[in-house]
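You will see two complexes here that share subunit A, one where it goes with subunit B and one where it goes with subunit C.
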Partner chain A sequence: MRFYEYEAKALFARHGLPMGASRVVESAAAAREAFDAIGGPCVLKGQVLSGGRMKAGAVKFADTADEAAAHFDAIMPVEVKGQKSRSVLVESKSEIVQEYFAAVTWDGRAKRPVLVFSDMGGIDIEEVAETHPDHVSKTHFSSILPLSPRVAKEAIGATGVTGSDLNRLTPIIFELMQLFLRYDLTLAEINPIGKLADGRFIVLDGHIDLEAEARGIHKELLDELGIGDDETRQARPPTEFEIAGARVNAVDHRGVAGNVVEFDGNLGLVIGAGGGSLTLFDAVRKHGGKPANYCEIGGNPSVSKARELTKLILGKPGVERIAVMMNVVSNTRVDIVARGVVSGCIESGKDPAEAIAIFRIPGAWEDEGFKILEKYGVEYCDRSVSMYEAAGRAVAKMGAGS
Partner chain B sequence: MSILISKDTRFIVQGITGREAINLTRENLDYGSKIVGGVTPGRAGRDVYGVPVYDCVRDIVKAHGAVDGSIVCVPPRFTQDAVFEALENEVKLIVVVTENVPRREVAQMVELAELRGARIIGPNCLGMISPDEAKMGGIGGPAANTRQAYTPGNIGVMSRSGGMTTEIASTLTNAGLGQSTAVSIGGDAIIGSSYAELMPLFEADPDTKAIAIYSEPGGRMEAELADWIRTNKSRLPVVAFMAGRFMDEMQGMRFGHAGTIVEGVEDTTAEKIKRMEAAGISVAERIEEIPELLRKRLAEVN
Partner chain C sequence: MPGLFIDVKVDPEVAKDATLAAKLAEVCPVSIFKASERGLEIVESELDECVLCDLCLEVAPGKVEIVKLYEQK
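This part shows the complex of A and B:
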């Protein structure tokens, strides 16, 4: 989950990284006040989670308090890749003589953290790596041995940086490495780090991603930053439907019936598990079907979870039918899912035989499951019908019905 | 022959008194696996389907001698400690079932395993099976269901999805193609054993004649496999199924497993398919195409 720039900087500040004076503001009047408090030329930056702010017009420079107020009003309506700013960061503008890049991330192939450093910051690092490979270093380091600043020193030195620049940059980069591991980050990036005319370095912009799985471990930090449990911080904010899906899954701890993502089609999907859902979603689209949602069931969810998920999806405006499909299941019981979806249909006031386009979940307890489906006249199939074929049958029914 | 496990593999279950662990213990015993003991701190002296429970791995080793492997099936916040415990008691093969373990902890487990000369499968996996020999983990479910889906033969299976491991094996079985060993490698961004890291084992197994894999968006594991095949001039034809093609247009959204997210071009299915095909891997668009593609590739080899 991504942090806003001001949140990343709050974390940096906690650990003493050098930065210009700044303030987060939510009104033009507050922007004016912030300018006066900082006292001098400022940069105003819209707080959005996506990149490309400068290009979109969400970053502006102010030489007066009036300008700062006007810029606030100009920045707030700007959409950066579909998202508007939630606030504006007013920060003192510094004269920079050179920009640097530093990031720590996981290398899944090496299974180690990797420190990427460049003395050509501020621009796209991938591009620098291609055009000036000798100006980018990649240094892996251990996640179990005690961290040591020499890794930072070597990474910086590898790009040709030496003298007092090397000695002043090393503690900043070392701190970034420590932050990365301490807070279970998946990305800790400073871009750019600016060198001032007097030889000091400051952090100009930062990018932090915290691993979703580690939210519980770092609850204190998240509370301090005011990041609520319901903020998913994905590429787009969750919809009402998706939030309701998360609520269904949180009802009890048995199995999974959630990870709901909203789409705008007419065929509701009750699908699973992790890999099976990806496979089935592709299959429905390949047949020309229009999914109303993505979701995942698995890990043997309770009857009530399957029922509530079914009700949620059937209740979504525009949904005509649902398809209930999974790969051959091992630990999820077919009969439990069957019972859940059938009662979900009934509680939604629908005939399961009509509402369920197809039920394709083969595996553990399938005979018991198929018996339930037969009783309610629901079309089902076993493993002799492939996932792709089952998706095709569901899509064909939609054509006939509409 | 098979890789990683056989009917002689003696293993333990850490967290054996948990709901999921009790199930998989029974299913593994029913299938013929040798489970010598289980661990749940504070529950020493009990038993689970006849498997004695101890407070720590050390006590099992003391009572029963060295063990070959362990299934770690404990909640996320205890997982790293359980794996460290197994490693420090010289267990060399560890299946980590647990989902939602943060990457830092996984990387640390994997790094210690490397130092100890041990192998980790998972996390977030269902383990593995050498059909009619033994299985280690929840793979295939109850023994009767497992026998229905998995049959002995010459295809090695590797999958980032536990459920799809069984779907693929079941499809192979229905088409008359048995499996040497099927491994659910786990769905996380960092895992103990990637496709490329298991390839040398299959390569050295005379009974494995071809490989089927399930792959999905996110990460560099498919590129790593393609590189491995090219560098080592593998004798094994590989057929891959690629799921999650719809995600190529949905950057930054997470679907499926923790490791499945498109953050750059290299994470997309289009790019992965391109790289795999360039290395001679046949890519299936539907699961049911896998047996036919395998037969075709096997015929070319012979």
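This part shows the complex of A and C:
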């Protein structure tokens, strides 16, 4: 889940990262007051969860309080990639002599965090990596072993930064790495870090993505930042279908049957288990299928939870059938999911044998589950059929041009 | 609404036994049994949640039967 810039900066401020004076405002009058309190030229930045604010006109500079108030009114209606600002951050404008980039994220292939640093900040880092590879360093580090500032120093030094700049940047980057680990982040980015004329460095813009599954662990932090439990913080607002999916998951503490994402296809997916959702979704697409949704089930959801999810998906306009597929399950029980999806079909007024294109959940209690599927004439398979093959069978049942 | 997959049959004697009824309500992890002043009640809406743990069978041997409706022809 993504933080707004002002929230990211609030987190940075807690840990002593240097920043200019700022205030979050929700009215033109407050923007005027903020300008006066900061006492000088300011930058006003619309608070949205996507990039591209400057290009869209949601970042403006003010030299007077009147200008600040006018800019507030101009920024709020601006849409940045479909999103309007929830508020405006008024921040002191700094004279910058050079900009730097620093980000910590997960490298899925290396299975370790990676620090990316560049002495060419403020612009697209991918572009810098392509055109000036010697100005970008990538440094992996352990998420288990004690972290040393030396790692940050070497990463910065690898781009040619030396002397007092190196010494001043190191604690900032080291703190960013620590924040990443401490708060279970998937992204901790400062872009740009600005160097002032007097040699000091300040954070000009920041991005934080928190692992959604870690929301519970960091509830105290989220509460302090004013981030409510109902804020999904996805790249776009949730659809009614997705909200209904979240409701299905929230109503019962047993297991997971949620994380529903809406697509416009005709094959409903009841999928999950140990990365199975992503694999199966991709497999359906690879076979030419058109998923109506993405979702995640696992952790042994109750029968009622699986039933309500099935009803939700089958009730989605355009859905012709569902494919019930999971990786090999251990704690999730095949018979419990089978009961849920079969009863979901029946309560939706559909014949399970027709509505379920394929049931491929091997694992715990599969013999019991298969008895249920046999009783209702549902096509099923065990682990001898790969997830990829099962997805292919489901797509084939949808007919050509599915 | 009765279960689609599971039914539970209880000896009428159990319904009169407040202690046993309370014990059944205590051990069932999915709350199929409810002990009340009237004795033991079966919560029909929860029947299909039965996880076949057999704890009820251990508490009341020979007096409770779990029926898997999907095994019946």
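We take it that the second predicted complex is superposed on the first by the 250 of 402 C-alpha atoms of A that agree within 3 Å, B and C clash if a C-alpha of one lies under 4 Å from a C-alpha of the other, contacts with A are read in each partner's own complex, and residues count from 1 in each chain.
The definition used in the following text is that contacts are C-beta pairs under 8 Å (C-beta built on N, C-alpha and C of every residue); 3 or more make two chains touch, one makes a residue touch a chain.
Treat the numbers as computed from the prediction; the structure is a model and nothing was measured.
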Subunit B versus subunit C as contact partner of A:109, first or second or both or neither: first
First, second, both or neither for A:199, with subunit B first and subunit C second: neither
First, second, both or neither for A:371, with subunit B first and subunit C second: second
Touched partner set for A:329, first subunit B, second subunit C, both or neither: first
First, second, both or neither for A:303, with subunit B first and subunit C second: second
Touching partner for A:386 - first (subunit B), second (subunit C), both, neither: first
First, second, both or neither for A:399, with subunit B first and subunit C second: neither
First, second, both or neither for A:160, with subunit B first and subunit C second: neither
Contact footprint of subunit C on subunit A as seen in their complex: 302-304, 333, 335-336, 339, 342-343, 346, 368, 371-372, 375-376
Subunit A residues within the subunit B interface of the complex: 106, 108-109, 111-113, 142-144, 181, 184, 186, 211-214, 216-217, 234-236, 259, 261, 272-279, 281-283, 285-286, 294, 296, 298, 326-331, 362-364, 383-384, 386-389
Residue ranges of subunit C in contact with subunit A within the complex: 4-5, 30, 48-49, 51-52, 68, 70-71
Contacting residues of subunit B [partner subunit A, same complex]: 20, 23, 76-77, 100-104, 107-108, 110-112, 126, 138-142, 145-146, 149, 159-164, 166-167, 170-171, 174, 187, 189-190, 194, 214, 216-217, 219-221, 224, 241, 243-247, 250-260, 285-288
